[in-house]
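These notes open a run of structures that come right after.
Here come two complexes built around subunit A, the first alongside subunit B, the second alongside subunit C.
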Partner chain A sequence: MTSGAFLTLLDGALVTLAACAAGVAIGMPLGLLFAVARWVDLRFFGRSVAIYVSVVRSTPVVTLALLVFFGLPSLGIEIGSTVAAIILLAVNTSAFNCEVWRSGLNTFQTDQIEAAKAFGMTSTQLFRRIIFPQLWRQCLPALINEVTMLIKSSPAIAVIGVVDITRAAIRVGAETYDPFPPMLAATLLYCVIIASTIVLQRVLEKRHMRRVSQDA
Partner chain B sequence: MHDFVIVFQHLDQFVSAIAITVGITGFGAFVSVLLGSLLTVIWKSAGRTLAACLQVYVDIFRCIPFLLLLYLLYYGLPKAGVSLNSWWTGLLAIALYNTAYMAEIFRGAWNAIDPGTIEAGRAIGFRPTGLYRRIIFPQIIYSSTSVIGNQFIQIVKDSAFLTTISVMEITHAASDIQARYFVPFASFVTAALFYWTICKSIELLVLVVENRGGAYRK
Partner chain C sequence: MKNTLGAICLIAITGLACSTAHGATLAEIKARGYMVVATEDDYKPFEFVADGKPTGFDNEMLAELRKVVPFEIRQEIIPWTGILAGVTTGKYDVALTAATVTNERMQSLDFVAPIAETTNYYAKRKADDSIKDVGDLNGKSCGVQTGSAQLQMLPQLDALLAKSGGKIGTVRQYTSYSEAYQDLALGRTDCVINTIINLRSLANDKPNVFEVGKAVADQTVSAWAVSKGNTEVLTLLNDFIGKERQNGNFYKLQEKWFGQSFPNLPEKTSP
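Coming up: the complex of A and B.
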């Protein structure tokens, strides 16, 4: 493999990271919104969210990618492959993150909520000052774990034509008529990226455990 | 609505695709559970060097996206002089990839077993094979049923990547129908519903096994 080929892969790595970051930036707050909707038991919306989460979580990312990429234009919504990729990653993240946020909310101590209400806090204040700061700390390791899973399934965006690491490797392989070496290099790149998110998750987990044991 | 009618006219294509998805994931899951438990037994009785090597194998596989392993095998095997068709390549990828995950799951569950049960088994005179079959693995399987079920669901979802090497599974059938009649929305939504049904069935199976495990322990 030439250095030019390696640079192509690095460009792909930037695309992979940027697409995943965009997906998380949209999907993570959306997941929180969904989780809160289910938690406060908004009837119709809550139930629709439950179905949405269940279906998205059990649909393979590739299938979802093809659905977004081919399906939305057929409904009259014109999108390119990059936008489709970001929508796909955001939808996927929102469903998985919803479950993480929800399990955090379900274990939240109700006496804190009662205390805040007794102090006369509005529900917005309650959420912003009491619930969210604790929820965020508690959920962060699990959310990073979901980021890892997202990066692991992100090669699906190569299938709809986004030049991420995988697609870059396919291109280099097509030019050199030898797809194996670029694919191996791409695998190593993924390995490095995913290993670093796993390390990040472990560090955050340890920090959280320390904090919890200090509180106790 | 008309689009869905077109898709349903090709239900037979979907049925054979479901058979392939279920077949390849079932076979792959079976092989990886088998190899994963074998690996765990070796891991638990191995010396420090071998255990470290196994840890590296498991960690590396957990850092690789499934599609990349699939491509590596698809392009690498012919280079090494092994020619498999896409079905067997896919199966091999599923088995290799998930053996690592299963070994990790089993090892975690093994570490959580009450060591007293193993000691008691040895004291009664169980030989290692009997100990694994009667004491250790029943506890591992029942305590990690839901985790194993989640991994099976992951296998079903990963199997959709096999469309890239032209295995005729559900996503491939949906792509095929959408390309012929241009009904992308209907065909991929139908595919998603089939996947949902398969994953729900696995969840149901997990519940059944867990209930039985509960009855077993009483």
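Coming up: the complex of A and C.
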């Protein structure tokens, strides 16, 4: 593989990272919002969220990509491929994250909530001081798992013209008629990215443990 | 569950109701100041990406087109799967790619003057001695790209083989020809059917692995496409190709990328 081909792959890696980071940055908090809406049983919103989550969870990312990219212009909404890719990844991960957050909320100990209410905490205070600090710690492994799943389903954005790692590898292979070296390089790049997210999880967990032991 | 089904139906109905979009007319393109063209990224030698830069015959023609039109041209580089759909839905104004002209496609697209003669041939592994002529393809598996004209035109090969009592073996479809070539090299498919120009490029780059065989279909041409009835844009592009033929640049680029020029191509494809 030439250095130019390797640069093409690195460009693809940056695109994968940026698109997934943006998708997670939007989708993870959105998922939390949806989960809370269902948990506190906001009637109409909660039910809409349930439908949204079911539809998104049952639609393959590639299909959703084509629907968003070619469907929206038919409705008069112009959308660029980068924006479409970020929306797509955010939508996908928000649905899965919603379920992770929701399972965390459903298993939250009610006696803590009752205690907080007995101390006169408002709902916002209760969520910020009691629920969320424990919730994120509990959900972290599953959330990071969703991040790695998102990274691995991200090659779907190539169908709408965003050149991620896999598409970059295909391009290099199509030019040289020798797809093996770029695919091997692409695999290594994915391994490095996934390993990094898992390292990030460990770091966050350790920092949290230190803080908890200092408090104690 | 009921809710989910309802929501899916709603999305599907909205999609169907709005599928009448069309490509922008020349006046609309001039008014907004730009035209959107779509090219592929893995269709060597027509369009491909070398060291991050789009190149090949169509990309060099595009550079010439940019010089002569009074508006900006925005290029979207996307996989084959989305190109024709993008043109029929009006997402892109021109499929600036080597799309094989077929009757089926003429139902929804208008084709510009052809850029090359692109009759379908087969390619085989160089080491495979069992295939010497078209008749030897009897019972062999064939690799083609999904949604390609090559796939649509396979019945022609079947008719050729039927004359000697044979027929095509398994047909394997790939999202891209790169994967078909790889499967051929690995021995999972016995031949790949594509245009003579693509296969010649393949065999020239990997002479020890692949070999071009013979024609497996009637003579065909490839051309750029616009959405059906977009006459003004069609005329603009026909005139452009006419001028490039007159000044000889068209033939020079054909020589450079296809290894031969095609001086006898018609000046129009769609009426």
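Going forward, the second predicted complex is superposed on the first by the 194 of 216 C-alpha atoms of A that agree within 3 Å, B and C clash if a C-alpha of one lies under 4 Å from a C-alpha of the other, contacts with A are read in each partner's own complex, and residues count from 1 in each chain.
Everything that follows uses one rule, which is that a contact is a pair of C-beta atoms (placed from the backbone, for glycine too) under 8 Å apart; a residue touches a chain by one contact, two chains touch by 3 or more.
As the structure is a prediction and not an experimental result, all values here were calculated from the model.
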| item | value |
| --- | --- |
| Simultaneous placement of subunit C and subunit B on subunit A, clash or fit | clash |
| Which superposed partner A:115 touches (first subunit B, second subunit C, both, neither) | neither |
| First, second, both or neither for A:58, with subunit B first and subunit C second | both |
| Which superposed partner A:203 touches (first subunit B, second subunit C, both, neither) | neither |
| Partner chain(s) touched by A:77 [first = subunit B, second = subunit C, both, neither] | neither |
| Touching partner for A:194 - first (subunit B), second (subunit C), both, neither | first |
| Touching partner for A:40 - first (subunit B), second (subunit C), both, neither | neither |
| Subunit B versus subunit C as contact partner of A:184, first or second or both or neither | first |
| Touching partner for A:212 - first (subunit B), second (subunit C), both, neither | neither |
| Contacts of A:159 with subunit B and subunit C, given as first, second, both or neither | both |
| Stretch in clash, subunit B with subunit C, out of 25-33, 79-87, 97-105 or 169-177 | 79-87 |
| Subunit C-contacting residues of subunit A that also contact subunit B | 54-55, 58, 66-67, 70-71, 73-75, 158-159, 170, 173, 179-180 |
| Subunit C to subunit A touching residues, read off their complex | 3-4, 6-8, 11, 14-15, 18-19, 21, 41-44, 48-52, 76-79, 81-82, 85-86, 89-91, 176-179, 181-182, 202, 205-206 |
| In the complex with subunit A, residue positions of subunit B that touch it | 59-60, 62-69, 71-72, 75-76, 79, 153, 156-161, 163-164, 170-171, 174-175, 178, 182-185, 188-189, 191-193, 195-196, 198-200 |
| Parts of subunit A lying in touch with subunit B, wherever the complex brings them together | 54-55, 57-64, 66-67, 70-71, 73-75, 151-156, 158-159, 166, 169-170, 173, 179-180, 183-184, 186-187, 190-191, 194-195, 198 |
| Complex contacts: residues of subunit A adjacent to subunit C | 2, 4-5, 7-8, 11, 47, 50-51, 54-55, 58, 66-67, 69-71, 73-75, 81, 158-161, 163, 167, 170-171, 173-180 |
